[in-house]
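Letters are used for the chains, namely A, B, C, D, E and F, taken in the order the chains are written, and counting of residues starts over at 1 for each.
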Amino acid sequence: MSTRRYDDEERLKDTVRQLSNNESLCAMCHLRLGFEPLPQESMIQEMIMLCRSVLFPGFFGKEDVNSFNLEYIIGLQCEKLKGIMENQLVAGLVFGEKSENGRYSLDRLLQKAEKVAARFIYKLPELRRILHTDVEAIYLGDPAASSHEEVIYCYPAIKAIINYRIAHELLVEGIPIIPRMISELAHSETGIDIHPGASIGHHFAIDHGTGVVIGATAIIGNNVKIYQGVTLGAKSFAVDENNNPIKGIARHPIIGNNVVIYSNATILGRITIGDNAVIGGNIWVTTDVAPGERVIQAKANNILRLKSDEQ
Amino acid sequence: MSTRRYDDEERLKDTVRQLSNNESLCAMCHLRLGFEPLPQESMIQEMIMLCRSVLFPGFFGKEDVNSFNLEYIIGLQCEKLKGIMENQLVAGLVFGEKSENGRYSLDRLLQKAEKVAARFIYKLPELRRILHTDVEAIYLGDPAASSHEEVIYCYPAIKAIINYRIAHELLVEGIPIIPRMISELAHSETGIDIHPGASIGHHFAIDHGTGVVIGATAIIGNNVKIYQGVTLGAKSFAVDENNNPIKGIARHPIIGNNVVIYSNATILGRITIGDNAVIGGNIWVTTDVAPGERVIQAKANNILRLKSDEQ
Amino acid sequence: MSTRRYDDEERLKDTVRQLSNNESLCAMCHLRLGFEPLPQESMIQEMIMLCRSVLFPGFFGKEDVNSFNLEYIIGLQCEKLKGIMENQLVAGLVFGEKSENGRYSLDRLLQKAEKVAARFIYKLPELRRILHTDVEAIYLGDPAASSHEEVIYCYPAIKAIINYRIAHELLVEGIPIIPRMISELAHSETGIDIHPGASIGHHFAIDHGTGVVIGATAIIGNNVKIYQGVTLGAKSFAVDENNNPIKGIARHPIIGNNVVIYSNATILGRITIGDNAVIGGNIWVTTDVAPGERVIQAKANNILRLKSDEQ
Amino acid sequence: MSTRRYDDEERLKDTVRQLSNNESLCAMCHLRLGFEPLPQESMIQEMIMLCRSVLFPGFFGKEDVNSFNLEYIIGLQCEKLKGIMENQLVAGLVFGEKSENGRYSLDRLLQKAEKVAARFIYKLPELRRILHTDVEAIYLGDPAASSHEEVIYCYPAIKAIINYRIAHELLVEGIPIIPRMISELAHSETGIDIHPGASIGHHFAIDHGTGVVIGATAIIGNNVKIYQGVTLGAKSFAVDENNNPIKGIARHPIIGNNVVIYSNATILGRITIGDNAVIGGNIWVTTDVAPGERVIQAKANNILRLKSDEQ
Amino acid sequence: MSTRRYDDEERLKDTVRQLSNNESLCAMCHLRLGFEPLPQESMIQEMIMLCRSVLFPGFFGKEDVNSFNLEYIIGLQCEKLKGIMENQLVAGLVFGEKSENGRYSLDRLLQKAEKVAARFIYKLPELRRILHTDVEAIYLGDPAASSHEEVIYCYPAIKAIINYRIAHELLVEGIPIIPRMISELAHSETGIDIHPGASIGHHFAIDHGTGVVIGATAIIGNNVKIYQGVTLGAKSFAVDENNNPIKGIARHPIIGNNVVIYSNATILGRITIGDNAVIGGNIWVTTDVAPGERVIQAKANNILRLKSDEQ
Amino acid sequence: MSTRRYDDEERLKDTVRQLSNNESLCAMCHLRLGFEPLPQESMIQEMIMLCRSVLFPGFFGKEDVNSFNLEYIIGLQCEKLKGIMENQLVAGLVFGEKSENGRYSLDRLLQKAEKVAARFIYKLPELRRILHTDVEAIYLGDPAASSHEEVIYCYPAIKAIINYRIAHELLVEGIPIIPRMISELAHSETGIDIHPGASIGHHFAIDHGTGVVIGATAIIGNNVKIYQGVTLGAKSFAVDENNNPIKGIARHPIIGNNVVIYSNATILGRITIGDNAVIGGNIWVTTDVAPGERVIQAKANNILRLKSDEQ
């Protein structure tokens, strides 16, 4: 409780005016001119939480599910999910539109959003089935995992893969921006950065996961296992005349079935890692690997071992 | 405010029914058949926040502590912590139980949970003492740290180590799953992934920390310092006849006292790093290191330097 | 609803007393002796969210901005920001003070906090201008970025750079601790750890970002692009007689204009990377790099490729 | 934490089904068949709180208004008020509509709601002016009122009159139901029950107020003062052939200017109380009172006074 | 942000101790010695809101009910209602128990509570049916009521009668205290005070209602209508030797079918008002009224009418 | 999700400007020119809830008190109460001040507020003692009250009397406005309107209570019992030359010890009701009543009883 007053009220008001004028905003401010919805991180987060709760009842969400209430809860969650998703899909679809006089044909976008959201919900049972294969793969692949439940509760990969599979569905439906926001939420939560454009088979496992990067055009087969720090990236130096990366071409690796890639391996470019191959830790790979081949670090030959009395 | 109505209400209801039936849920849905509690991330997060507030009053939590209210606040926090912890410990203990006809002997589990929670709270003063040594170690080890307070407020390692020390206590008490959920919360928050099964001495310091992985059977001495990206992992290729990692054996490194491990070093397997050893950055170590030895990257011999006019 | 009672109420009360006494707290407990504010993570997070909302209206925050309400919303956000910032700046300034008899001259600190907060708000239009260059740089530099909006919504780098630029302003004003808390919030959110002491030019771009570390005395020019896992660190072995790092000296790299540093490169020490240089992925650099030079990994010469029938 | 389970889960589910079927609901359940909004007490309460805050800044609402933020706050409150009011006006308008096949022409209702809400907001300055006369009247009329501020803060009549004047405006605009909900909120809050159909002049004062009832067709002049328990009602025995009150006719009193009506007086029927008349406490009036006339209770003649030794 | 400190911290702590000691608390403090639940107004309020929402879907509660979600919502509301009701019923049942050594047999109380709560929920369809008759009665009896919906939304009597009918059910089941708390919540909300012990038939109507008091042993027939300020009370002077009212005897009126009682009438003692009787406003009745009799105020004979020039 | 836009954005902005300008606000808007606190109903409500919780632990408030936590909870509640009370006392004290140039000497007001708040808290044990006598009086005086606990939980009079006794303490300390706001909160909650200026002895009982009015200069002895609708008011016709009531003189009744006043009795003017007197229901008293006298309604002589066939 002090007796102060704004020292320079007018300057403060003037700053507010500067921050509100068009010139300052450039094209960087999203005004809701036509009252269209805008993408909103908190709503997308809630959308994801609803999906997780519906897909794995009892594991995610705050609801206490039991045999009496299970259907009631899933029913309401699906309805809520539908509403939020429609809203955010419209928000995303606006980015793919040319506005005329600052107005979009929101009705058409809304119709598309409703159809996509409905289709998405109809697919949830199938999404649950494939996610169960991912849980199974992680459980079988980690000596520290003592039960399927532990995998669902404790492995960040599950969260990252759920988000990826949701985002991928929406990207395939042609929704702009929202899929990327979904994958970034998982990136922030888990340190695992899977672009929704990637294509990933069933029984997909990641352990630890921090630092994993999977690029937009990567293709991953079934039953693949990946460790922390692995990058499936684009080759670094493909740039255009302005020294900017060339856009829109297939530029990330193709990974076959049953491949294992150990921690901090970096695989770059549109190369192919054949079925059943193994890529060792800290490896830098920019050329094809044959099916069944194992690529590992040779006996380290550039390390100095100094005794405690050496300098 | 639109006039729409669900296009296909019956199909939506049918999807809800599919998502609620047993076949779809497989073993992956946790129903509270006997009204037992389930592990819940939000409650475990609150449990951790209460521990942090009690251990470092004034640094964590939203309470404004002062000399008048300190004991009142800690009293209520301990009580709240006890209640939430008992609830979540039961939720974890259920996973170690064989249910008969879908019912657990919850009374017995509750009794155990109450005893463990009480013992945990009695140990909080000791936990605070050892955490103070970690703060001290970080303060002394980083030229950028200007005060002990800055370390507690600003170093993610402190959060990760608090969670680890709590989780380790509970793992030693035989609680399933909950310790791993605690360490994953820190992993998500800090990018530091310490398995609660690891054994870590006093004066433990981590700097930056993103990407650090410390495996379940690792043993770390006193006064050890670790930088970002360090992995203390299992050797990669120890797999069984089904090509899955072999479970339950000591498979991570033993780190002696006063060891420093620089950024992105990878130490794999049940090897021993002797007291006072130093492991340089980006090093890949799979064999023992003698006490006092310094292992560093030799002068880089696989790097090309191209002048600006070279291609 | 159970009939239990605390088994050992007295022991619980005794633990509370232990946790509240001075000896146990050492110097590690912040009591609000003079009712001064304490740094609080949740308030700093809100401060950041307000800045983001004001800087990029419609992208961050929960407000639905439109042409009618834009100035009203920014006006109230600026006022709220001012109040919270003043409070937290005082909280930080206390750490730079010598208290006499446990009392600070809070009035003086408050006056300074008010001046700094006002100056900060007056600078917001300029901050927005430079952040727009960062958005532009990321958009031009990534083939996967389809619009400026996608960059703002989906690239964690934007969040990390906003926090850095805010924290840097406050560090330059001489505020202790708070700038570091701001950068740690971004570190936790994005895995990108930029020390507020670093100096960074305009058009700064980071892609993916997990594991990036930029040290306190680093200097980065204009139009620099960095990928995930890059460390701009101090040389590892500069320690004093107690084996602790030496504090307070310029110890991180100087990066010129138009430099690109690919993923997981490690650049250590007070070296200079010249303008237009390119540092390849997974490179370990501890010596100067000339302007225009490209440093890349040579053809991997320490990798074993084992066919599927080899062991 | 108990081990119970629903004794008869099927019977519980069956009760849910009974409660959900159409027969049980009769016409008494409002389903949102066409997703139209429904009247909602909590939203109407918020609408009223926004009006009160805009009309008397600093007295109502939780905002800390000052000279810097006043316009910003009022701007946002007006926008929020507009949105909520439009929603609830549509909800009310639905009741005046014949639906065809369970669908209303919501677009037309929405257009009307938007126009009415806009007109209402344009009238707020005028509403404030007349409410100031009510404050003035109460201040001048009560020896216990020490300031205008005390009147606004402490006299329930102000809340009841604000609600009445808002509700009356909306009733005049032809909005069903919502005006009555507004007046009932004040009734619950203050015990003062003013039907929004009543017509009330400026400088209107009520003291204490509990139990005041003012009927739907009452007409009250300027500068009228009323005490607790006063009823301006319909004559009791006007019923139709089914013994139900006859609807839709003017049936409540007309009160002239400058009239005072003391506590618990009951005035019934379409009679006229002339200008400057005074009606004493506990009076039962069913016939006209001339201008300037004073009607008071005669010396009580039906009271027994028993000394303490009498029975 | 001030620099104050508690002037006399010790005296404040001492006051806290005084307020916490047994002597000061007398028997007036409810400690949860055995962790039994205590009656809690906020939980009972929520219990009532759930009942109202289930009984009149779409009118009360914040849920947007529609044909898709109706059964899901009612299912979850019934479950939530059951849980809260069981908790509060136990809290009430404790008051009817003799504790031994400060411990109740909570298990037995819980069993009873579960049975009563289940029976209550099974009766909800019947409760809804009788409440519909009350709505009908009010609609037919008030010229100002334009629809059934308006009655449910806008007539405080509906809220008071819902609460009464719920409370009466629980009182009949032998639950202490909770029924009275339920009726007091309606009393506070509406000014209508109906004791849960009263017995009230179907088609019960109250208009306006403020000040209505219906005593614990009152019996009211079917199709009765009551106006504001009506008291159905005990005769005033029946006191015992200590000048306290005599407890536990039938002491309130019996009201026949089809009776109308106008505003502010007071009916006292165990008298009988016959079927079809009418009691006029402001009447004081302490003797039986015959069936069909109309008791009204005679032409006022104790009123003075003073012309404006008289004193 | 509609495509509308504000029809007349400029007119809306203009209305906002009108509502914000000084002329429209007259003296009726409270701006926080000097950042002084303003009286705020929600804060005063919280202040009252804290008092109730401290005075009757376990009955009011949401805390689960038990023997372990009682002192901790009361300690924190007292501290919170102190802070809120100081803030609101300053807000009230401002009304008693002459400002100079729109600035108050807030420091002096704050000092006074801190002293008053401290004294108030020191008196809480005494306040609890006298409130226990009120509980006892209500319990003994009502045949329907089955326990002391029921009285505290279920009798609105307890809430009204708690608020009165708090408000009276603050009024005696010279605090403007806040005491009246406290009594109005009880008025709204219970329909009982006790002016904080009244003086009321111990063992004070009110039953039902709706419509009770006790004036600012009333004096009530010990052991007095009052029923619903009782007014202790000023004589109606004492007005000054402007026809306004004369202010500041003792104008309400003096009630002796052990007096009972039955429902709807009206007692007006500075008369004295002697010890042990009884005032019957619906009585209008404007002259002194002797000690021990019983004043009751004589056999009703102005009532018509019409048989059912009469008109």
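Heads up, the rule we're going with is that a contact is a pair of C-beta atoms (placed from the backbone, for glycine too) under 8 Å apart; a residue touches a chain by one contact, two chains touch by 3 or more.
All values derive from a computational prediction rather than experimental measurement.
Interface residue usage between subunit B and subunit C, two copies of one sequence, is largely distinct: under half of the residue numbers at the contact are used by both copies.
In summary, the interface at E-F recurs among the listed pairs A-D, B-F or B-C; the equivalent pair, sharing over half of its contacts by residue number, is B-C.
The geometric centre of subunit B is 53 Å away from that of subunit E, both derived from CA atoms. Between subunit A and subunit E the centroid-to-centroid distance comes to 55 Å (mean Cα coordinates, whole Å).
Distance between subunit C and subunit E, defined via averaged C-alpha coordinates, is recorded as 59 Å. Look at where the CA atoms of subunit A average out and do the same for subunit C: the two points lie 23 Å apart.
The residues of subunit E that reach two or more other chains are 1-2, 4, 12-13, 33, 35, 67-68, 71, 75, 79, 110, 191, 210-211, 229, 264, 297, 300, 302, listed in rising order.
Residues 6, 9, 12-13, 67-68 of subunit B are the ones touching subunit E in the complex.
Partner subunit C is touched in their complex by these residues of subunit A: 2, 4, 7-8, 11-13, 15-20, 24-33, 35, 38-42, 95, 176-177, 180-181, 184, 187-188, 191, 193, 195, 197, 210-211, 213, 215-216, 229, 231, 233-234, 236-237, 242, 244-249, 251, 264, 266, 268, 276, 283-284, 289-302. Residue ranges of subunit D in contact with subunit F, taken from their complex: 54, 56-60, 62, 64-67, 70-71, 74-75, 78-79, 82, 110, 114, 118, 121-122, 124-125, 128-129, 132, 135, 140-144, 146-150, 152-156, 189-191, 208, 210-211, 228-229, 262-264, 278, 280-282, 297, 300, 302-308, 310.
Interface of subunit F with subunit B (complex): residues 1-2, 68-69, 71-73, 75-76, 79.
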